[in-house]
Amino acid sequence: MTDWYLGLAGFLLLNLGLGLVRVLRGPTPADRMVAAQLFGTTGVAAILLLGQGMQERALVDLALLLSVLAAVTGVAFTRLYRRVQ
Amino acid sequence: MSTLVFLLVGVGLVVMSLHALFVHTHLLRQVLAINVLGTGVFMVFIAWGSQSPTPHADPVAQALVITGIVVAVSATALALALALRIKQTTGRATLSEETEE
Amino acid sequence: MDWVLEASALSLFGPMGLALDLLLAAGLLWLAWRVLYSPDLFLSVVLFISFGLLVSLAYLRLRAPDVAMAEAAIGAALTGTLLLYTLRHMGVPIEPPRLAQHRLLTGLALLMSAGLGWAILTMPGFSDGLVVQVTQHLPQSGVEHPVTAVLLNFRAYDTMLEVAVLLLALVGVWAVSSTELRLPAPSAVLRGMVSVLLPPGLLVGGYLLWVGAYQPGGAFQGGAVLGGLLVLLFLAGWRALAAGWLLRLALGAGLLAFLAVGVLAMAGGSLLEYRLEAAKNLILFIEFFVALSVAATLAMLLLGRPGSAGEQQP
Amino acid sequence: MSLELALILLGMPFFLAGTVGLLRFPDLLSREHAVTKADNLGLGLVVLGLMLGAESVLLAVKLFLIWIAVLVASATVAQLIAHTVIDAGSETGGGS
């Protein structure tokens, strides 16, 4: 069972790695930011599975923390990088 | 094995960021390099402390690194504010006098 | 290398765990390389945010959930926001890295990595002296979670001074920054999201603060969550918060509470030496105010000098 | 295989689909569409699976809260990023 969850967490990590290709390619800052947002969702899922695989309940709290703060950098980007007319 | 893997990652991070710190002159890049450098040191600490026989890694190492992370972010904020001020005052994003036009 | 065997015997990770670790390690090193050397600074900053999340995952693998929480909240979210903000105001889109004396430095770096690697591989075995000490004295600390016991009791001096360092850094930022955060009017969607996220966010922050007494969590993790929420509030246009006296009071509250408790404890012993029966309450008291201070300070670090903005507005 | 694991496994293709969409779709808005839709469904299935195996109500509530918070955050940020693009044409200022 443990291995299943660790394996699935690894699968999600690989997914994140693929998503990074889009961060690198861009071409605009907005493209990079959208790809980075992937880390919010997929990262939370990976942490949940890792927590299940490692029998570590505290990881749910970490996922909770991440989900609440998932919007911060994205919002900062859209607020700061919009042209102030 | 996690210990060994991440100890070496920590070494890699420290070396890479030291190199970057010397090579780059742009202030923001230097701040980034210092942040990665700190992360490398923290990683070595935690990896070493993960050998603890307790359910979680060595609590003293964890406490030190938590303190370190908070101090790092405040130092980063101060460095960034300084960098911004330097840019506004001199028009340059570097500290060196002669490399720029 | 006895200690390596010992460590692997301890861990419950089989080959799948090792594969995961190697994947993470490769990702970390590759991301760090791109963060440090990509020609586009904006790209570097975005990658740094992603790097923070991977670092947090690495701490999880190393069984350090407390550190993972601090890294995820502070290292990734707040540092990332600070970097985005500074980059925006410095306005340097693309700048090729300057490779002064490239060859020589690369040689030196390689030499150093060999030296550091050697030093680490030949380190004397892990000594659990401190761990044993902490475990033995845990019942006398007032809390059940060892990391919190170290932070708020055994090494409370360090933590108190750290809270002071945070405050000093903020004073420094105020002293040198002349810019203020200028933002366009927030959209209804953004304000809506913030008002939806705020109540559960406050709950999570308070929860992390509370459970720190007996499981991973605590003042810094809870405070960082609250700080992130404050940043969201500022970004969504609730700027008046920063000018108010409430936030200013919160800035100093942690240090004041720490000092007050520390000095009061001197009545029975020496500075910051709590009596056992009062320890838990005192620690929670300090943690509550430290969390408020951490939250307020982290958010204000981003905001720059609040006075200038407040004076112009009616 | 337990229902718990089955649900989680069912969620995995959605993550892959989101990533593939992110890489293959031609423009920002359709990529956003791919990422937000697919990943949130994937996370939903993972959360649902873990909720089935949760040993306490508190844990189940936390898991559900995680899903809702991510849903709200990702939907809003996607909308906000889309707007920076629509408002400014293809250029958003700042980086390259």
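Read from first to last, the chains carry the letters A, B, C and D; within each, the first residue is number 1.
The rule is short, and it goes like this: contacts are C-beta pairs under 8 Å (C-beta built on N, C-alpha and C of every residue); 3 or more make two chains touch, one makes a residue touch a chain.
None of these values were measured; they are calculated from a predicted model.
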Farthest chain relative to chain B (centres taken as mean CA coordinates): D
Approximate Å spacing (C-alpha centroids) for the pair chain A, chain C: 18
Whole-Å gap between the CA centroids of chain A and chain D: 9
Separation of chain B from chain D, taking each centre as the mean of its C-alpha atoms, in whole Å: 31
Contacts with two or more other chains, residues of chain D listed in rising order: 65, 69, 72-73, 76, 80, 83, 94-96
Touching two or more other chains - residues of chain A: 26, 29, 32-33, 57, 61, 64, 68, 71, 75, 77, 81-82
Residues of chain B engaged with two or more neighbouring chains: none
Interchain contacts (touch definition) - all pairs: A-C, A-D, B-C, C-D
For the chain C and chain D complex, residues of the former touching the latter: 40-43, 87-88, 91, 93-94, 187, 189-190, 192-193, 196-197, 200-201, 204
Touching residues on chain C, where the partner in the complex is chain A: 12-14, 16-17, 19-20, 23-24, 27, 31, 34, 38, 40, 42-43, 46-47, 49-50, 53, 56-57, 60-61, 63, 65, 68-69, 72-73, 76-78, 80-81, 84-85, 88, 182-184, 186, 190, 193, 197, 200-201, 204-205, 207-208, 211, 215-217, 221, 224-225, 228-229, 231-232, 235-236
Complex interface listing, chain A residues touching chain C: 2-3, 6-7, 9-10, 13-14, 16-17, 20, 23-24, 26, 29, 32-33, 36, 39, 43, 46-47, 50-51, 53-59, 61-62, 64-66, 68-69, 71-73, 75-77, 79-82, 84-85
Sites on chain D touched by chain C in the complex: 65, 68-69, 72-73, 76, 79-80, 83, 94-96
Residue ranges of chain A touching chain D (in the complex, touch as defined): 1, 4, 8, 11-12, 15, 18-19, 21-22, 26-35, 37-38, 40-42, 44-45, 48-49, 52, 57, 60-61, 63-64, 67-68, 70-71, 74-75, 77-78, 81-83
